[in-house]
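In order of appearance the chains are A, B, C and D, and numbering begins at 1 in each one.
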Amino acid sequence: MSSAPDTQDHTPPLVRVGRFLGDNPMIPLLVLLAALIGVLEIMRPGIVSPFWAGNTIKFAIPLAMLAACQMLTMLTAGIDLSAAVVATVAGFVVATVSPLHGDGAGIAVALLAAAAVGLVNGFGVGVARVHPLIMTLGTGLIATGCLQVYQRLVIATGSDIPDMLEWLGTGRTAGLPNGLFLFVPFAAIILLGLRFTGFGRLLFALGSNEHAAKLSGTRSWQVYIALYLLSALIAGITGLLYVGMIRAPSLSLANPLLLPSVAAAVIGGTSIFGGRGSYAGAIVGALILTVLGTLLTLLQMPEGARRILFGAIILAVTALYVRFTESR
Amino acid sequence: MTDQTDARALLDASGVAKSFGAVRALTDASLSVNAGEVVALMGANGAGKSTFVKILTGALRPDRGRVLIRGQEARVGSPAEARASGLVPVYQEPSLIPDLTVAENLRLTDTPVDPFRAYVDDLGIANLRLGALIHSLPLATLRIFDLARALASDPDVLLLDEMTAALPTDLVERVLKVVRARADAGSGVIYISHRFTEISALCDRAVVLRDGRTVGDLAIEEGVEDRVVELMLGARIDLGRRAGLAHAEARTGTPRLKVRNLAAAPKLTDVSFDLHPGEVLGVVALEGQGQDELFDVLSGFRRATGGTLEVDGTPESFGHPADAIARGLTFVPGDRAHALLAERSVRENIALPFAARIRNWGPLKLRHERDRVAHAIEKLQIDTRAQGEVRRLSGGNQQKVTIGRWLATGVETLLLFDPTRGIDVRTKRQIYPLVRELAANRSAVLFYTSELEEVPLACDRAVVIFNGRTVAEIDASEADEQTLMRAAYGLAEEGAA
Amino acid sequence: MSAILRAHAWSIGLAILFLALLGLAKVIQPSFGITGLESLARAALPFAFATAAMAVVVIVGGIDLSVASMMAVASVTAAVLMQTMPAVPAIVITLAAGALMGAINGGLIVVTRVPDIVATLAMLFVWEGVALLILNAPGGTAADWLENTIRGSFVIPGLPKALVLMTVCVAVVWVPLKRSKLGLSIYATGSHENAAFRSGVAVGKTRIAAYAVCGLFAAMGGLSLTMLTGIGEPVPGPYLMASVAAVVLGGVVLGGGIGGLLGPIIAVFILRIIRTILTLAAVDPNVTTIVEGTIMVAVVMLGALVMMRGRETV
Amino acid sequence: AQDGGYTIGVSNTVQGNGWREEMICAMRAQALSSGEVDRLIVAHRNTDAAGQLEDLRNLIEAGVDAIVLNPANPDALNSAIEDAIAADIVVVAVDQGVTAEGAYVVSNNQEEYAYLGASWLFEQMGGEGSVVYMRGAAGTSADNDRDAGFRRALEENPGVEVVHEVFTGWQQDQGKQQMFDFIATGIPFDGVWTSGIDNVIVDAFLESGAPLVPIVGADNAGFVAMLQDVEGLEGAAVTNPGSIGGAGVAVALNILNGNPPEETTVLVDPVLWQNTTDEGREQIANAQNPNLDPEWPVSVEIPGYTTYSMDEIIACEGPGE
């Protein structure tokens, strides 16, 4: 993507600021987030309160978790389009199995279902060498079909969401959503895992140059299977959290989160061509999208104009980010 | 220098500067070339040669500097514009489009086919297929096509960036002849290479870059090499002597590698040799004699179709490079694009093999990694100014990273495929002792090189492959270029080892 | 000859698969015949244009997630215009609007240097919004004669007019383009952008042109929706994922530089006939979704396998 | 094997929401319980009007005797419907009307649905104050019809103003988040009208601790349960039975058997159950069904049309399964 001739800035201070921001890509993202919050506060004075912050974080958590699926797979130049469906499946399954067999069994079955999709994805991508986009699109369809078949069997069982998940999804501790009890350790594992484990290294390596990784002794199919399994499990856990949060196990529960999860990852600086990305960026990306959603909900204008604004802001945010971080 | 910037100058650049973020690739580079002249652009790895060429041909925009074409101030904004004003480059990395055919690549640059065909012929590539897809062709052929395409577009100034680095000796000779003829016909040529034999055979003048600055402009004459090297490196070094090699021990006991009648269809038909611990075995071959296949088989990238391979006395057949690595065979490929994680740091590139196995997927041993990587960087003198992303390193430094990886890991058997390709003279002189040192520590090294002069400098003996078969085994003490060349052309008397 | 065969091996394989599936449809429903083919061609129309649109940008090394949204804009634009003006100028304006939308997408990608997938994801919302502003509920109208241009057979029975129209529309744009220098530049840019730039290709302009062609095809897709339904619908249909799937099934490589339009369009027909067959066989609709997903994955897997074999023996 | 031995085709363009799933199950149950249907071919997926045209033509190809469809749009499907009628296939549109000549319509009255609920809500608010208007999916026919009904009620209550209008896209998570967002602004309001995304709205109040205001929703199991159980919630459920699909199948069979309805359009008018009167509470208690999927409407039958039992619709099995 870097073939256009350079347009070098001649003003040294600007260059220096640009270089600094380029080395710390989180800063422009955080500035953009702060700017959006500022606009929101100006638009609706008084809205930015601890209560609002709690809400925003609460809704950003599942998005950020699904964005982890996208970010991790994108590191290897892949994508996981089945993530949202897997989350939905997990949410629906836990809500329908728990009343019959207990909460533990519900959660276990839900995660097993998620893992099954992940294994199939990993096999398809890593062994059969199907393009991840097609593979996960296909398994997403298959999982949706299976969910529909399954729901016909459980119409009469009713649904019940395990208390633990409701506590996690809707409860607050000291004003902050309980989801953070899940999310903070989760984010820490992803952040540290990417930097300081061999597996993390391999994800970057596969995305950057699979041939080189092979040359160095990596059996890439092992990495792919582990990766897509991991991604599906993350999606499954997200589904559990989400059903606890929305408390309505619908057949399309988390599906609307698919495109936003991709957006959150790429706004956060993950390259879909692999080899580059950070989870911290994806988390901020999820927050930006959530705040943007609020902003637009509260803007009273025709729905069409709202969507145009949404798209335009996403584009502007990423364009600015690209400007800042591209050290040329 | 002023006397050369007369109206005769086809191209005259001065005061060119270019920074990439914090890296100042060029600070004050200048160069001029006249009609009928071949000017060598010389400098150590990372001196800024490629960057200079890219600026002259519009692939990069300079921060500062002035470029005159035939005395006229020119602003070359893109490679297309450069072509239009008669500046035609062959870049260090192939610039042919991988998924298009040869013919389509020609059409893309409006290159006439007939002269192209004629040049390809002159350059020694037989049976040109215009319908062949670029990505199916070997690197050396692509370099030749790149050059023939440039020549066919009838350039005023031809800029060749390490055009010959990936070529075997026979093709290099032809390239030199054709380029010389082109200059004699009135073009100006800017020629980049790290090989002094080529420079003295071809060039009229040498412009030397050091750290992005032009530090010399001298006529090529007897004994100029020392002067150039001194300018390039800012210090004296010794050329062309076997750098205090310890002699290999007697070749007794089980060989590390025992290769018998190895074949990999279609090119490799019958190769046999032994490689013992503590020795460096050279492999000599012209382009396309099966040496690529040999290294692929040994490194686990493809299975042999015949013959046997024994490692420390046990027969092996590798299905994956991981198998080869598990048996201690590590491979440095010729094409660094295949070996590097372009967007990742030098450190991650070097440490890559550490994480490969499932049992190393857990937490990294950071201390250990840091030490090993630092050691490799120091041994190879890798220029780490742009270490955040390997693709920002100069070509030569990228090459060093591919070798450094295995130095950091520790090796039993190292398979080196043309490791000094595009590496500057100083580093080469560092690599030979390094290879010797590995051997001294009871590693075994298989060393293919396209530069015959390297064989006596680094190897204990050499096997020569011709037409997919080993046709000669020559001891280092007898391995002068003449002998090797005769054998490589299949003219040797001796039978296979 | 054999070179041509090899170059189109994938498309030929797909065509054989399609014919086999047609045969299967006939077996399941013996009355399946000319009207069946006509319905199939009509059903394939919007998908084929969406797929052609997607294929062009995938070949140039990008992707356009806003294809379905641009189709919606074109559909409502045409339906609204035809309320007040004759069909021909309305169609011309719609096509121009499509090319403009595509060029805007491409221009934004080139100027902002935002990766294609993000930029077009953002534009997906923008065009969706534009469609809603033009028409906030399904409405508008289409000239009556338009429907007849895709209804029935052309000259010989069994050659659906819809198929003829689609072939003509795609060919008129694509064939000259592919033969031109611009077409070559599109493939070059998709294959290796840096090498293309160094070979003198104006990479940015090429990319914008490819997106403009994508927009043009998307507008044709939108028009075909209006022709099929007689109205304009502001909500994008399910054409985004379907077009990506067909493009990949059709042998175009995500990442660029390889493939054409023939394979993807045959792939569209395969995906459509599978649905017809499943309906004819009265398969449970939930199972239908599973079968569709499985077939998509299986075909690509099989293709990868065949390709691997092919490469080893060559 | 049974009396009629008919083949019936079903076409539906929204998959994965409880209302539509109930509609499909009602069709299956009615086809089975009628004993006159051999085969039910169901084309049930997420698609647009053009996709529904494809499905309709596939059903015609499959040689069905009747098609029961939930149209994506009243005007867009005419060409295929006309083809079907020309092929002597009985066409019955459910839930929404179609404009094609010769097609029968058994429809929930969407405009009335909105009008009824909104009128109750505005009355509950005392004819004045601010209302939060949570619509369905932008750009769809059903949402547009409901908007017309809502606006009519609004005109009749000049003291009421819409303080916040937003599209939920008929998505539970969106609706919930949007409600949270609005509660966070602190702007006061006196009532909420929802287009069927209802229980999550009540949830948003409960979770955020905001004081409850009157809420109008649909007769979804989850919401109806809340009307009964949630302390301090004033609300009303407007019926919008998904079982209309069963009625559609019944009407189609009647036509096939030579008993067409008098009018080609049969509108099923909605009923409102409120939890503020004793009578209403009784209706709610009767309708309530805690076992049902919370997204399913509790009015699983349409008296006079459907003949299946509760168990049969929940079994969701059609003939030949």
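Just so we're on the same page, a contact is a pair of C-beta atoms (placed from the backbone, for glycine too) under 8 Å apart; a residue touches a chain by one contact, two chains touch by 3 or more.
In this text, all values refer to a predicted model and were calculated from it rather than measured experimentally.
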item	value
Dominant chain pairing [most C-beta pairs in contact]	A-C
Distance from chain D to chain C - Cα centre to Cα centre, in angstrom	34
Chain centre separation in whole Å, for chain D relative to chain A (CA means)	33
Centre distance in Å when chain A and chain B are each reduced to the mean of their C-alpha atoms	43
Distance from chain C to chain A - Cα centre to Cα centre, in angstrom	29
Residues of chain C touching at least two other chains	131-132, 136, 194, 196-198, 234, 284-286, 288-289
Multi-chain contact sites of chain D, meaning residues that touch two or more partners	15, 138-139
Junction residues of chain A, two or more chains touched	144, 148, 152, 271, 303-304
Chain-chain contacts as defined at top	A-B, A-C, A-D, B-C, C-D
Complex contacts: residues of chain B adjacent to chain A	18-22, 58-61, 63, 77-78, 299, 320-322, 325-326, 331, 333, 337-344, 348-349, 351-358, 360-364, 366, 405
Residues of chain D touching chain C in the complex	15, 39-51, 53-55, 57-63, 73, 75-79, 137-141, 143-144, 320-321
Partner chain A, residues of chain C touching it in the complex	108, 112-115, 117-119, 121-134, 136, 193-194, 196-198, 203-204, 234, 241, 244-245, 248-249, 254-255, 284-294, 296-297, 300-301, 304-305, 308
Residues on chain A engaged by chain D in the complex (per definition of touch)	44, 46-47, 49, 51-52, 55, 59, 144, 148, 151-152, 155-159, 170, 242, 245-257, 293-294, 297-298, 300, 303-304
Residues of chain A that touch chain C when the two form their complex	1-4, 81, 124, 128-131, 133-135, 137-142, 144-146, 148-149, 152, 259, 262-263, 266-267, 271-273, 302-312, 314-315, 318-319, 322-323, 326
